[in-house]
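One structure is given here, and the rest of the page talks about it.
For reference, chains read A, B, C and D in written order, and residue numbers begin at 1 within each chain.
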Amino acid sequence: MIAHYRDQGGADEAVADVPDGATVLIGGFGSAGQPVELIDALRRQGAKELVVVNNNAGNGDHGLAALLAAGQVAKIICSFPRQVDSWIFDDLYRSGRVQLEVVPQGTLAERMRAAGAGIGGFYCPTGVGTPLAQGKEARTIDGRDYLLELPLPGDYALIKAHRADRMGNLVYRKTARNFGPVMATAAATTIVQVGQVVATGALDPEAVVTPSIYVDRVVCQGQTGPEGGAQ
Amino acid sequence: MSSPTYHVDRGPLAKDELAALVARNIPDGSFVNLGIGQPTTVADHLSPEQGVVLHTENGMLGMGRAAVGDEIDPDLINAGKIPVIETPGAAYFHHADSFAMMRGGHLDVCVLGAFQVSVNGDLANWHTGAPDAIPAVGGAMDLAIGARQVFVMMSLFTKTGESKLVERCSYPLTGVNCVTTVFTNHAIFDLSPHGARVRAAYGISADELRVRTGLILP
Amino acid sequence: MIAHYRDQGGADEAVADVPDGATVLIGGFGSAGQPVELIDALRRQGAKELVVVNNNAGNGDHGLAALLAAGQVAKIICSFPRQVDSWIFDDLYRSGRVQLEVVPQGTLAERMRAAGAGIGGFYCPTGVGTPLAQGKEARTIDGRDYLLELPLPGDYALIKAHRADRMGNLVYRKTARNFGPVMATAAATTIVQVGQVVATGALDPEAVVTPSIYVDRVVCQGQTGPEGGAQ
Amino acid sequence: MSSPTYHVDRGPLAKDELAALVARNIPDGSFVNLGIGQPTTVADHLSPEQGVVLHTENGMLGMGRAAVGDEIDPDLINAGKIPVIETPGAAYFHHADSFAMMRGGHLDVCVLGAFQVSVNGDLANWHTGAPDAIPAVGGAMDLAIGARQVFVMMSLFTKTGESKLVERCSYPLTGVNCVTTVFTNHAIFDLSPHGARVRAAYGISADELRVRTGLILP
């Protein structure tokens, strides 16, 4: 269904129905593209036992790190939890209060793409012969070794984009694009935080990165353009 | 579930009545793919207020009506290779992304023609099985298994009177257990793994429908 | 390697090294996006026993149809050969002079994407229970049936784009984009026919569809912009 | 294949000499990914005339140098999360596309740091194997198996004198048979499934290199 932006409620309303135990795909690579306003709303909302998919495991004390600190996350699926400023995750992990599944970064992205693209599984060369191959089916195809990787769908995606039109078409900004487009395809409900909403027709159809079909709710932090088409 | 309605005081649906009926069954705000041929005519019955967005497999959301005159652009065509126009809020994408969208279950509805549909939702619409026919599937199999609701739009009977809704398809299949609703000139059928159920019939009685289709229709 | 457009030779020079027996991915959906100038050059060049991958099997008497008529194609892999104006293919096929592999359109695109993305194979729900499932490994994953599909790489891709910059970044035009971007990733050598070459830096980095890494040779049919960066 | 050159009339390579040497070994016009840490310094030794295009895993080709002052933009960072600038001809793409590019063999060269490399090209650079370490792999495994040439840049010996080029890695692996060339302060090694071959050595003799590494080095 089309988002059809209608000056919807803010971030709190957008995340109100996320239930305990939901799998939530959260965009961003470090701080770039991290939907901090939506994450903060999820923290205020209080859903617990969440499974969070993100490239990292929180930086500093805000955003995803604050959600972890609030004890709402049961498990995190990510490629790179350990960073100089990941002290909140580090403490939770070492004291056994959060589960961790480490996935190579490209496999993480491709597993979400598979979920969004209706692919049941794929043979991936990444991680062959490493500890991350443990428990995975291996197969040689055309002389090369692969691991079977399965789709990683989300119940919700919380992502950040640069601009949306009133139908929910999205464009991103520079390397803040990162996981947003693929997470939007992989979640049952995609919630987007944008800096600006423009009139339908104001985005170049050749340059739309996430078509509106993947977008369910848009929260605007900044300026909202006129209602209706641009015509 | 409500009982079927038999409109026996009228004839079967005309083609444009059928197209209008299919259009009314598409929920507001849906993303929809209309197959080549008769399904294309459904677009003429969609009102702008419905907010339906049309997808074409060759890489576009927000497809508009057929182009006329100066609007014709050889780079802007639909799946049937007919020039079309772009609507506000359109987006272009490449073929792998277009079919990821279809296969991934993101389209709310697709409307397809068919040679045969079985009561449990199997679809046959790509190959007559004739030994000298050149097989050509296009995007039919991807749509059949990908859209959340698969509507079939066809005449109920062949020119020689055989039912195209069947117990089991004799033509090669396009997809298994995939059709949700069959819209025909004589009746609308809701399908499920448990069989077909008549929603409404036009110019035909319950008994005649059973006799002419040869199907058990609860 | 970077294309770095240097007023290279025309289409004939670009396709000069295509050997007999090569697998050639040819862009286009019907006529939209069909690289007619490159196909005509390949016809003049005369390489034989080609395996051609295209959505269709030629329309009318020109482009891909003419390549078929010249007897250069041993096999065509496509989704939709039969069209009102595919008489050249129809004759060749019925007289056993060309082999045909019919692949569902989305599977065709996804097999090329897999080849470009280093994926060894993928489980695809399309075609399950149909004649096109014959000979394919079937597997049930999470309650749904899939077929194993293998990558479809090309030795060459011949595609058409709208504009290139001098590094080989590409943008397309409307539905002529179709198979171009995915074929560019799947071929060892990608040759592109464009209407215009612009200065490096003149394309919006947010709107580039095919990054230059996938482009080996550019043939310009029209205007060529100034040399050097736009800085 | 030419014989190894032993430069014994000088000391080992300094860090910037090593970075310059790696830069000279990158063919003109290559698409290159430079890993976090020491490999990043290779960029300082690439001349514009080489026409090398830098890839960053977080979705960009045409990455430029570190941003300074007003250039700093939190939406434009490299894999190490350092603000960088954009060069003319840059392109942005999402993570699935970025890693398809890496996994699909499109990068000509990547340069990585390492804890250990084995003579047959196994790489260990993501995990020390310490039981209390938090595992974090990032994009290392994707780069290791994806780039056409994988260069490793490291000191040859640990602070306690053990060789980091080994017969068989004791640390958990990042990738198998993937490293093509190892650039160290003491020597450059070309690797293959058949073992390591010294290309050049700096401030160390052939005998001393064999003794200190404990390896058979033809």
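By our rule, a residue touches a chain if its C-beta (ideal position, glycine included) is under 8 Å from a C-beta of that chain, and two chains touch if they have at least 3 such contacts.
Labels paired with UniProt names: A, C = 3-oxoacid CoA-transferase subunit A; B, D = 3-oxoacid CoA-transferase subunit B.
Here the structure is a predicted model, which means the values were calculated and not measured.
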Figure out the least number of contact steps between subunit B and subunit C, where 1 means they touch directly.
-> 1
Rounded to the nearest Å, the gap between Cα centres of subunit C and subunit D is 34
Calculate how many whole Å lie between the centre of subunit A and the centre of subunit D, each centre taken as the average of the chain's C-alpha atoms.
-> 30
Centre to centre, by mean C-alpha position, how many angstrom separate subunit A and subunit C?
-> 32
Residue numbers in subunit D touching two or more further chains are 86, 92-93, 99-100, 102-103, 145-146
Multi-partner residues of subunit A (at least 2 other chains) | 110, 113, 117-119, 124-125, 172-174, 205-206, 209
Chain pairs that touch, all of them, please.
-> A-B, A-C, A-D, B-C, C-D
For the complex, which residues does subunit C have touching subunit A?
-> 110, 114, 117-125, 139, 141-142, 144, 146, 150, 171-174, 204-207, 209
Please give the residue numbers of subunit B that touch subunit C in the complex, ascending.
-> 56-60, 73-77, 81, 86, 92-96, 98-100, 102-103, 122, 127, 132-142, 145-146, 172-176
In the complex formed with subunit B, which residues of subunit C make contact?
-> 29-33, 55, 79-83, 90, 93-94, 100, 102-107, 109-110, 112-113, 124-132, 172-182, 209
Can you list the residues on subunit D that touch subunit C in the complex?
-> 27, 29-31, 51, 53, 55, 61-62, 86, 88-93, 99-108, 145-146
What residues on subunit A touch subunit B, complex-wise?
-> 1-2, 4, 113, 115-119, 165-167, 169, 185, 200-201, 203, 205-206, 208, 211-214, 229-231
